Each structure stands twice: as structure tokens, then as C-alpha cells.
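These notes are about the structure you will find just below.
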Amino acid sequence: MRFKFSIIALLLEVVFIILFALFVEYDTENTRLYPFFKDVHVMIFIGFGFLMTFLKKYGFTSVGINMLIAAFGLQWGTLMQGFLHKRGGKIPVNVKSMINADFSTATALISFGAVLGKTNPVQMLLLTLLEIAVFAANEHLVTEIFQATDIGASMTIHAFGAYFGLAVTLILYRPGLKKKHENEESNYHSDIFAMIGTLFLWLFWPSFNSAIADENDRTQTIINTYYALAACVVVTFALSSLLDQRGKFSMVLIQNATLAGGVAVGTCADLTIYPFVAMCIGSIAGIISVLGFRFLTPVLASKLKIQDTCGVHNLHGLPGILGGIAGIIVTAVQPEIKRGVQLTPGNQAAALGSTIGIALLGGALTGAILKLPIWGQVSDQNCFDDSAYWEVPEEEKLHEINSNHYDEHSRFEAIM
Amino acid sequence: MRFKFSIIALLLEVVFIILFALFVEYDTENTRLYPFFKDVHVMIFIGFGFLMTFLKKYGFTSVGINMLIAAFGLQWGTLMQGFLHKRGGKIPVNVKSMINADFSTATALISFGAVLGKTNPVQMLLLTLLEIAVFAANEHLVTEIFQATDIGASMTIHAFGAYFGLAVTLILYRPGLKKKHENEESNYHSDIFAMIGTLFLWLFWPSFNSAIADENDRTQTIINTYYALAACVVVTFALSSLLDQRGKFSMVLIQNATLAGGVAVGTCADLTIYPFVAMCIGSIAGIISVLGFRFLTPVLASKLKIQDTCGVHNLHGLPGILGGIAGIIVTAVQPEIKRGVQLTPGNQAAALGSTIGIALLGGALTGAILKLPIWGQVSDQNCFDDSAYWEVPEEEKLHEINSNHYDEHSRFEAIM
Amino acid sequence: MRFKFSIIALLLEVVFIILFALFVEYDTENTRLYPFFKDVHVMIFIGFGFLMTFLKKYGFTSVGINMLIAAFGLQWGTLMQGFLHKRGGKIPVNVKSMINADFSTATALISFGAVLGKTNPVQMLLLTLLEIAVFAANEHLVTEIFQATDIGASMTIHAFGAYFGLAVTLILYRPGLKKKHENEESNYHSDIFAMIGTLFLWLFWPSFNSAIADENDRTQTIINTYYALAACVVVTFALSSLLDQRGKFSMVLIQNATLAGGVAVGTCADLTIYPFVAMCIGSIAGIISVLGFRFLTPVLASKLKIQDTCGVHNLHGLPGILGGIAGIIVTAVQPEIKRGVQLTPGNQAAALGSTIGIALLGGALTGAILKLPIWGQVSDQNCFDDSAYWEVPEEEKLHEINSNHYDEHSRFEAIM
């Protein structure tokens, strides 16, 4: 990996700098949106990064490669989104475009969750490059051509990132991981680290959904998201207990399904749906997310060869579709005008359909490219293990000695 | 617990949604207070949640049930506070009411600290329901009837939450825990996790105290809190070392007593007390908090049957009273008008007295209800152990095997 | 340490309170800068504190004494900076002066990184006291006398703090630590804790650099810092892999060198350098920081007797100088006026030179004072170990027993 990764990364960084020199200029907008940018920024780097640290031996990659993808992707996202909205041949950057650049990386990070533990850093750079390009095109289609509304990006980020990632992981299917890998699990402290990610995502979701909302709609966007998330938490805890034989809570559900309400309320967050409807959306999101984790993910892995490490289908995919459907229903029931355009259920449905179609197609093509042997592939045995790509402190080896010691001791007792 | 918890939680969530549908509407206020809301939000979910992760085997419950209580409570708090301030039969929600909803959950989370490790999730839902109702009534009494000032809620949140929780834990007294439970302690990493909570509480306390202050008073509220907290840290470190035979610092004191300055300066934070008085209040708060942890908590547990897991009496109770007393003194010395009302020491004293009385009474009644056998009680042996309510990763069991192994080995050596 | 530390700390706190009573008054400025203050506040307490938790047995000191130094230092910094900018004999405090107070503590925290593990809390209080006084004088010289620009404080905070700390650690040289101390290393979870620090520093660096920028320059200051940091991350990952024989990433580089871009872009951050130049500065900073960690730090320790625990020379020293040089070049190439003054490369060079000279001199004198036997010195053996100053949970001892057990067992097997 040594030369492949570093040369590709340095080369792309040089290309970015040249493109920035040619095209990017300051915009004069003020810093009014900066508080919202910061929250999104925390969600991308702390939220997504720590959420994935739940794997006991993959924390360095989760938080480290998450940082790499996001820092790499935000430069690329600036360019990709900028090329679609050039002004006099130049790409003006301001705080709003920084928010959009961060947003674009979220799609790659969601897809990262689907393939977590099974790809190498070179593959992740390529995935980021390809996915953000496709994302920018699809977002342009949804907002400019279909003129659909999706303020919190239930469709364009969450469903898109999830189905893109699911298609990639399907193409990269590893029969050798059919039986659960011994490292594909959490330990006590890794689960608590993951809660740092969960909570910062949960807390700043109202900012995510309202960051680029119209000033007049921002308060209700915040309120809708706040109550949708709160209802989702209560329902998730209830179902987590209900579905367990001994009534115990499951950390994977609390870490993930509690966030589904924020995903699902995204499309309608700036519409006048009233808090109780937001709470209904949040509750339903919690239900389908919990059910997805419990019943769908095992089936996807065993029957459809879709190995979804973090369960992004349940956190981003299904709740994203729910958000899209909610958008169709709300615009059908109650006509609204946003940004000078009459919203229609037809346009919303077109946006949802095209997003999922493009994501699946883009993901499949990306998966096929990532499967090329030239990028190097981590062996099944080294999956879910930081030590494949990181210098890992010695203690881990000591643990192994310890457990060998234990085995020897057992054998010794057996001899006795 | 399986059906009891999930049915109660789902039922209450349905009730909340119905009440929201009937009563709650958007208010048109702007998002000017949103930055303050976010800080309070982080304090409630990250601050309180991680502060309690210090227990070595109770981190899932600390951060997870904290999230449940807060998400559940903020919906209920919206309704309870809303019913007392209805406008045309409706409850208008805006960012300020979201701050107040978050505030209301703080009382339940403080009380959670007193009973941490000894109650089940059903009991915690009930406690939250009852405590927030009583809190809303007491806060109405303090601010509307007595017209007392308590901008940082030293009395209405901190002292209230602490004495409510102490009364609950007194009623739920467990003789079986007289001897320290083997799980009622920290380990090295759990203590560092707890510092995440401490620091986010400490950092955003100026926002907590100034969130709903008058615009003109906000700067001095922030300044007073900033310097009170800084002084409190220095004094806490000094006393922590002074009271230890070998001069060593104690993590429990650094995690908790460093925050007492924020609690104690709350009542007077928006008054023109000047930074040096704030620093005096912060210093005294640090002193009484450290002394409370060292000398009072053991006595409360052994003589008064008050088992206060997190020492909320020292962090919220005593400093809250100190804040109330500081309010009495300051309003006696220097007449001030806030929100069109002349502040008087008599009203401040009435507010402090009624708050503690109502908290003790409400807590005792709540404790009696929680003691009913129908809610299920965790056995003494399973206290302070996540595995009673959570699926916990296997390694913990491995540790047990390991230590059994160690014991066997010792026995083996003894045999030799 | 018991009485020495607590009496010195309490005495100084009393002196602070008296000085505040005599000199400090509220300023009437509004809270416009409060969002920037909060980000800096998080960087100081969470960022610096957790960044240093990478040492496996020194997390309590890293995050705890970091808190002590910062809380102590911000009071002292308020006074030191205030005495240089008195108004009618009084020191007016507002949110901007709180930002500057927090800034002043950053110098002491950077120096703390150089001596981490090798000093006691009394020494750290003294270092903070002396360094902040020298910092305030040097900053006055740079901004008022030389009228140089250094908006993100590449020179006055980062280079200053680094070279001050390096001089201190040179004077306090410990031959006994020539061979790497067994505790001077990370473990798996301590490295993840450190990433919390890295990320919060990285995320809020745009606020650090723009906190006290002119309103009109703030957007471009934020943009420059954002892209400099992003480029730095990509380059750091690339070089980290490239310099490792097996192409593996190194956590120490990811934790530190990714931040060098924020340091280096500081001086020019508010100038119209355009994002691509910021990205070049960030990339070069990443390169020199990685090279510093790999090649320079070992040489400094072995040849020059400079034991730099956290490698602050590579994160703050060299990138700080790079920032200063960038400032010289930019002001030479493109004349700009800031705060009514024409910037000149001569003044920038004078600022850089004086900063490093004063830092080295101040650090050497401070080191000489800290070396006095009256403050107590931790033995070489107890370096990098919290248990010298903290009550540490028992488990650590259990680990020792465990490993003794292992040794016994080995011996036992040998006997067999």
C-alpha cells in the first residue's frame, strides 16, 4: 500500500490545489451561517467518526480514515458543486459553500459505514472521488431540474449515501465473511466511544436540517427536528427492549436507531407540518430502523450478499426513503411554495426515485472499479483490524500472549 | 422488565403526541437564542451523560438512560411548562421554550445521579414524569408568585434536583448496599470518559446561566460565570491535594467540585456583582463541595441512610443553597430591578425555602411511588451493573473467566 | 507536595481575587464574539487536554492539569494583558478579553506538552505564571511596537509556546530518560481519547484564527483556515504512509501533524492570499511536521538534550516559524493595510525574530527557576505516571498482580 496510497493522495492533492488556483475565489457573504457550519463540521468529523468506533479493533480506521475522507472530500466537493454553480467562470466560496462541501462528504462517509472493515485507504479515496461527483450531479437534478424540496437531505444525502454504499458492498461481496468475523464486534469501551458519535450527531441534527433553510423557516425546521428526534429516542428504547427476549437494550440500536428520526424528518423539516407530525415521523423512523437492524440486515447479508457493516440501510437508507415518502404525502396534502416554486408530489417522487436509482447505479459502477486487483485488497482474515493499515500499540500483542497463556494453562489443567 | 418498560414508554409517547397535536403550535420568534440552546443541549446529553460514566460497569446506563430521560423529559417539560404559560389555549414553542424544556430535564438528570445504579428504567421514566411536573409548578411559584431572580437556576434546578433526588434515594434506602458494592467504583478509562462530561459542562456553563438572561445583562452573566468557574477549579485542586494524606488529587473531586462554582453563581449571575465577587462565590462553592464529598457524603450514607451515588448533594445541593443565599445577600446589599420587579431578600429567601421544601416533599412522594413492587426492583447484587438492562459485549465474561482462572491458579499454588 | 501545592495555589487565587477587586470592571460590549469564544474555550480545555491523553498512564494529568493550568492561567492572563491595556486605571473585561485570556493560556499548554510527564503541579503553576507574563509582553511588542500582523498567532502563541517549552525542557534535561521510559507510550484506547483532542482542535481552528479578526476579514480568514487544514490532512496521511517501511499510518502523526496547517496559516489567515495559497501553506506545514516527528525529534533528544514529550516543536514550533515566514513573503509580495497600518516584511521579520528570541530566553530562565530543588522533582522512575499525583483506581495494581502472576506462571512452567 505504501507507494500506491501516498502517490495517489499527493497527486490528487496537487490537482486540487491547481484547480483551486484556477477557479476558486472568495465570495463576500458574511459569517451569519458560521454557527450552523460548525455544527455540521462537528457532525462530519466527530459524529460520523466516533459512531463507527464501535468495532473493538477498528477505532483508528473509523476515526482516522473518516477524517481523511472528509478532509479530502470537502475539497473535491467544493469543486464538483462549484462547477455546477459557476459564476463568471469562477467558483465563489463562502460559509454556505463550506456547509455544502461538508454535506457532500457525508455521502461518502455513509457509504464508508457499509463497507467498513473491508476496504483499504486507496479504495476509500476512489470511492470518495466517484461518489461525490455522482452526488453533485444527482443533487443538481433533484433541486434544479425536479425542483423538489429536501432541506435536510433525507433523499440526496442519506438515502443516496446508503444505497450507493450498499451497491458497493454487494459488488465487493466476500463469501469468506459469511460467518461472522471474530473482530466484527464491539467491546465495552468501544461502545462508549461510539456514543460520543451518536450524541454529537443527535444534538446537532437540528442544525444539519436547518443549515441552508430559508431564514424565515429556520425556527420551525429546528423545532420539527428537535421533537422528531426526541420521539424517536423513546420509541427506539421501547422497541429495543420489546424485541429482546430478556427485555434488554441493545447498544447497536441505541447508537443508531435513535438517529433515524433526524434522517426521516429531513425532507419535510422546513414545511409547516407541526411538531406532532414530526414526532410521528420520528417514531415511525425509530420503528423501521429497529426492525431493519433486527430482521432485515441478517437477511440482506445471508440471502442478498449485502454485507452492511454499520447497518447504514437501517439508519440512512430506510429512514431516508421514509423521509422522501413523507415529502410526497405532505406536498400532496398541503400545497407549499419554497424558493419561489410550487412543490408537487410528482416532483418529490421523481426526486426520490432518481436518487435511489442513480445511487444504486453509481455504487455498482464504483464497486466494480474498486474490485480491480490493482488497488490491493485486504484479506478476509485482516478485515476489521486496524493493524492492517496502522502501527498499533504493543499491548494488543500482549493480550494475545495473555490469552495464549490462558489456553496453555487450560491445557495444563487438562493434563493434570 | 421487557413488557412493562416498552408498553409504558410507548403509551406515554402516544400520549405526548396527542397532547402535542391538541396544544402545541409554532411560535414565530427568530433563532437568536439558538447558539445558547445548543450549548445547553450539549450539557444535558454529553455533559450529564458522560459525567456519570465514571462507574466502571455502568457506562451504558449512564450515557444511554441519560439520553432516554432527557429525550422523554423534554417533551413532557414542553407540555408542563406550556400549560402554565398557555397563550389563547395553545402552547407556543420556539427556541426559548426548547431551552426551558432542556432545563426541565436537568432536574431529573440530577436526581438520576443520586439514585444511579439502584433504579430500573421504568422507575426512571416515572421519576422524570413526576419530577418535571413538580419542577414546573415550583418554578412558576418562584418566578411568578415570589418574583424572585434565579437566572442560572441555582435554586430551581440545582438545589431542587439534588434534594428531590436525595429524598427519593432515602425512601429507596438499601441496607444491602451499606457495605460498598464492588461495582460502585471507577476504573482508569471510565474516569477519563467522565472528564468529557465534566469539561463540556464546565465550558458551556456561561451559556447555561445566560441562556435566558436579558440581552443587556448577558455579557456580565457570561463574565461572572467564567471567572467563578475558573476560581473554583484552582480552589478545588488545592483542597483536593490538601485533604489527602499524600497530597494526591482525587478524580471524583476534579470531576465534580470544579463545577460547583457554576452552580453557586447561578442565582446572581446576571446581577452587577463584579467578577471578584463571582470568584469569591466560586471559591467558596469549591470549598464546600470538596468538604461535602470528603466528610458529609459518608455520614449521610451511614447515619441518615441517604445513599447519594454521584454526590449530587455536593455538586448541586450545597452549591445551589449557597447560590440562593448569595442571592439573598446581594439583593439585600444592593437593590436591583429585573424584568420590571424590585428584587427583595425576602422573596429570594421564600424562593429558596419553598424550593427545598417542595423538592424534599415531591422527592419523598416520588420515592414512595417508585418503591411499589409493581415496577420491579433490581437486586442489590445487580446494582451498578449494566448487564442487568443491557446486552453487554462478551469480553466482560472473559474477564470473569480470567479472574476465576486467577483464583484457581492461586488455589492451585496453594495446593502445591 | 501536599502543602506546597495547595498553599501556593490558594495564595495565588487570593491574590488574583484582590487584583480583580482593585482593577477589573465590566466592559459594555455585546456578545457578538461569544460563539468564537466558545470554540476557543473548547479547544483550550477539550482540545489541548485530550490531545495529551495519548500517554497510557498519564491521562488524568493530561486532562486534569491541563484544566488547572488553563483555569489558573486565564485569570492571570486577564490581569497581565489588562495591565498593558488599562483604561482609566481599570481593566475592562468583555468577551474579546475572555478570548485573549484563553489565548494566553494556550502558550502555557503548548509548553506543557514539551515537559509533559516530567514536571509536578507546583512547577506547572510557576511555569504558567512566568510564561503568560512574558507572552503578554512579547505580544505587546509584536502588535503595538512592531505593528506586525499575526491574526492566528502562528508566532505569538504557537512558535512562542513551543520554543519557550523547548528551552524549559532543555534546562530540565533528565539523562535518566535517555532510554525511552516504559510508560512513555500510548495504548489503543489512549490513542482514541487523543483523537477527541485532535478533532476538536482541527474543527474549531477556523474560529481560533478568526476570533479577533476584523469583521470584514472574518469570512476569508475562516475559508483560508478551512482549506489549509483540509490539504494538511491529506498530505499528512500520504507522508505518514510513505515514510513507514510497511506503508502503515502512525497515530502520533495523524494526531498532531494534521493540525500543522492551522498553525502555519495563522499569520496570513486574514490576508487575501486565496484558498490555493492557504492549501499550499497547509501542505508544506504537514510535510515539515511529519518530517520533524520522524527525523528531528529523535535527534533533538539524543544530540541536543531536548526531550520534547508531545513533539510540540513539530506541531507548533516549525509550523509557527513557517507561518511567520509566510507572513514575511506575503507582505513583501502584496502590500496590505490592516488596522490602519501598512504591513511590511521587515516588521514581520522583527516580530518573528523577537518572538523566538524572547521565548527561548524566557523559557531558559523559567527552566532555571523550575529546577530549584525547593519545588520538588518527580523521580525519573515516576515520570509519565499519574499515580505520582493522583489517586488511581485499583485495577492498575491488579494488572500488575496479573502480570506478576504471568511471570510466576512462566517460572512455574520453567520449573516443570
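A, B and C are the chain letters, set down in written order, and residue numbers restart from 1 in every chain.
The definition used in the following text is that a contact is a pair of C-beta atoms (placed from the backbone, for glycine too) under 8 Å apart; a residue touches a chain by one contact, two chains touch by 3 or more.
The structure displayed is predicted, hence computed values, not measured ones.
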Copies chain C and chain B - interface residue numbers shared by over half, same or different: different
Superposition rotation for chain A onto chain B, Cα-based, multiple of 5°: 120
Chain centre separation in whole Å, for chain C relative to chain B (CA means): 33
For chain B, residues that touch 2 or more chains besides their own: 35, 189, 196, 409
Touching residues on chain A, where the partner in the complex is chain B: 35, 39, 56, 185-189, 191-192, 195-196, 199-200, 202-204, 207, 218-220, 222-223, 226-227, 229-231, 233-235, 237-239, 241-242, 244-251, 254, 258, 272, 274-276, 279-280, 283, 406, 409, 413
Residues of chain A touching chain C in the complex: 1-3, 5-7, 9-10, 12-13, 16-18, 20-21, 24-31, 34-35, 38, 41-42, 45-46, 49, 53, 59-60, 63-64, 67-68, 71-72, 74-75, 93-95, 98, 121, 189, 193, 196, 389-396, 402, 405, 408-409, 412
